[in-house]
């Protein structure tokens, strides 16, 4: 596995939820000790609870993707607590490895 | 004019025809599409404009104790309307507590767009209406959410970060955007009076109906595109989606007449009682009752009750209000 | 007025100047930017408004058999115009079948924005035009796509999920958004007549030219920003981008005069024949002929023909229509 | 009318009340939200409209040498205003060179929205103003950026791709969108004159104040939502945020009177001198002085100076201009 | 490699295509047996066929990114069929490993 | 590690910066020899320099994510040069492995 100059192994947690739940997820991520996150808009998708395109009048059901890159223990804590938030409603969670520059940021 | 003639006249208005065009385009799977930002911008515009128009009317007419009484009645209606709805949905509709409560909350609340179409129906007939009806629009948006939550009580999921979420919900309910725009516009209109009106009428008043056309085009598209999700609606629920507005509209027409509102005001109060929320309440329910099925509550309020009110309900409530005088 | 005077007068209109401003800003690599949603919202507005204006005119004038005949001629022109275009592009332009067919299809179709500028040119001169010209706009959008596909025939890629894609294409062609808005607006205007017009004119009629200015500002930015892609255009193609609208405009002016259209109507029919699509047809070609090079077809229709028509073509077709009377 | 009465009258205008509504909604953490695309679309509209209005006025009044002299003075003021600002910020505010220079640049430049509110304040009083004041708006946007960069001099980071970035910055400064819209609109208005005005006034002129209301609602939301970041502002900086516009406004009122501008024109020139940029200059500073703290410069110009000017400053500069006659 | 609590190895397929082609790609993904996907808007990019920024008048050439997390065999099937759709026109495809929560969703 | 049919190992570099810096980053990526990139809008996020939601009046502080899939050496070059651009202001960088179809595109 090629490594760039002075990178550090971290975990990238990606969570897709309805935007109504996004604040709860962000609180959860903060609470687990992640130093940052980024929120991305989606144009819709399909999953177990059916398709969800953008529905202009009521954006309630739109989904966002929340990405947090963090240390492995933090990621484990997020994964352990995530089902309580994304388990009830709509949502998927996955995690993968990344190598970061400027490790103190993560 | 008979109800049928009224309904026909209503059907040839550009507003209703644009709604029909949107439904047609959506069912034909056209690529016609109103960008989200435009739809949201139009909604902001319509709500602020409705608020302002109410404020200007009140500035002309002046405030009074009678008005405060009317507003109190409106709030009470919004609190209580979910009760019969819940009873029907639990027993005739055979729904669980959470779904029944979520749907019931939608019908205690109101639909600003239905109200906007109602005002155009009234002003096409050159009838006046009381400015404080607009204050009712704002006041009736949220009380039913509380009734709905009480009905669903302990059904919420215990595992979640409840306190933070409750705060979030409270803020969403009290300071939700449409309520602030309606109330804010109302107060701005009231304070500004005639000079304020003169300054901004070319933006907020004259183009109102045209903007409503474009918004209804989008609404039609949305209704048609969500219609697959409406397939979950069984006959007793569809019956509810038509029967409940008729019940609410009748109640509103009777109460409005009793309160001594004008013909226009009575009709609009009936429209408020008959209409169901599909913006503010779904957002609150998604947060507070995540296990309730949105296809049911949005399906009923947006897929059945909204089109019914736009095409048939409004002229019917008007005819009833006229008959009751 | 000579063509030159007409062209100069045209050049001082706010619409054309906004287009020039957009081109200038784009070439200077300014950060000036019209958000997508606004550009799309303006396009919706313009198309619905054009449809409504046509419908209102028809409601005033009344329908007739002569009108149906005019419409038939317009459809036929749209079907046949790609043929000479294809011949030129294959032999003088030395293009392969797919590229030649894709470009040819664009010129059988029309540009709604060019048409909109044409209507403003006409109404600035206080000339009337027939309402059913707007129906032609809708009817001429799509037939050329079919001719184009027939010309390109078996050139499509066999590996792809053809049936589903063909369905998709058919739906896109038949129910494409701009056709639905034009036809829908036309019918809504026709049904609603004068009362409908009174209700929504402050939104759909009075601000039309101003909205067109903002839209053309964006068009100018787009043309300038895509101009690097236009570098692929060799002299015979550039010649085509100017010669083809002149051919189409002349044909339209002659046919319009022959059909007995008014001066305004004849000019606008010429504008339709001269203009080339850059919204509906590129979308269809991208799906149906993915191997055709979009820099060529968008470059020609948007980069050469559109500016040519806006600045020089429209006054020229008007002068020709006047000379033919 | 005393300053207090003027301020009160200003406070009941729908524009200012919408700003207050936005601030309230933002502080209450309402979900009220103006989509980005709409806010940006409104900004485009307002700037193009201001440019056009200036051009139409100039077309009526005619150009002259005196006008060119006024414009020269305006440019000079914009170049020099950052100097006293920088001195204060370095010594009383105890800021480092880069932060002091970045903030100073903002106050030599202007705020188009503050200017727009000023024009409405003036026209509500039925006072005329000179069309070329709009040219000043465009001319005063950017010179202060250069002064700011000279003040910060070698403070830039050497490691970055400096040449490419300097090019980028130069282009951003010279061809920045708002300058192009103001200048472009001005020229289009000037060339088009009365006929151009008649064509697009229902879009660009009549709805101007209403559109400004919606834009200010959004501004209020932004100010409130960014207010947490303003917490970094210490008392000497807050004093600066109020004292600097008062200094600028006084200078502008004196100079305007000296140049022989009308009461309206003098007030608007004072408003320009008093206002601080929060769109063009932050963008330039972010690129040129990345180490300067945006919370400081946006906090001051948007969080302190903008609301101060809208609510108190504009009436005060007007009263001063009146007193100086 | 750190693994969060009870996660399951899956493949994440990412496809960037012009939005005109998106429906064909989504049909392909569905057809290969993926249980879900998400569509993301892009602000443009650059590739073999040149740069493509947002072009407001005609959104035809705008690209979207389609992300599908699925079992390895499903991913292989998608990769095998993708060239037929993205091969002709504009488009890129890549795939990587992720660990998902709630495996039954993928 | 499951590999799809005829894929090739590459590195995916992901950079989040304020959009004012995006042109500098893209020049850097081009200069390092990447054959393509894609830019994604974000809806905001939080990091070392605080939260940044969308601020409508002045989009200066909005962030974008730039994704470039490229050969390992190119990625290393980008990582080596990135700190000069993202080091001063706001920004994070990470990199991970992906398997691409149509290797000649990357």
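Here are some notes:
Which chain is which? They are A, B, C, D, E and F, in the order written, and residues in each are numbered from 1.
We take it that a contact is a pair of C-beta atoms (placed from the backbone, for glycine too) under 8 Å apart; a residue touches a chain by one contact, two chains touch by 3 or more.
All figures in this text were calculated on a predicted structure; none of them were measured in a lab.
Looking at chain B and chain F, the chains in contact with each of them are A, D.
Counting only chains that touch, the fewest steps needed to get from chain D to chain E is 2.
Rotation angle for the C-alpha superposition of chain C on chain D: 120 degrees, rounded in steps of 5. Relative to the C-alpha centre of chain A, the farthest chain centre belongs to C.
Remark: chain A and chain D have CA centroids separated by 40 Å (rounded to whole angstrom). Separating the centre of chain A from that of chain C, both taken as means of CA atoms, is a distance of 46 Å. One simple way to say how far apart two chains are is to compare their mean CA positions; for chain E and chain F this gives 18 Å. In chain A, the residues that touch at least two other chains are 40-41, 87, 96-97.
Annotation for chain C: residues touching 2 or more other chains are 34-38, 40-41, 202, 207, 283. The set of touching chain pairs reads A-B, A-E, A-F, B-C, B-D, C-D, C-E, D-F, E-F, using the touch definition from the header. In the complex of the two chains, the chain E residues touching chain F come out as 11, 14, 16, 40-48, 63, 65, 72, 75-76, 78-80, 82-83, 87, 92-97. Contact residues of chain E toward chain C in the complex are 18, 20-21, 23-24, 27-28, 50, 53-61, 84-85, 87-89.
Residue ranges of chain E in contact with chain A, taken from their complex: 1-2, 4-5, 7, 10, 12, 26, 30, 35-41, 64, 69, 96-102, 105-106.
If you check the complex, the residues on chain D that touch chain B are 12-15, 17-18, 21, 24-25, 28-38, 41, 120, 124, 202, 206-211, 213-214, 217. Residues of chain D touching chain F in their complex: 34-36, 39-40, 43, 157, 159-161, 164-165, 168, 218-219, 221-222, 225-226, 229, 278-279, 282-283, 286-287, 290-291, 294, 298, 302.
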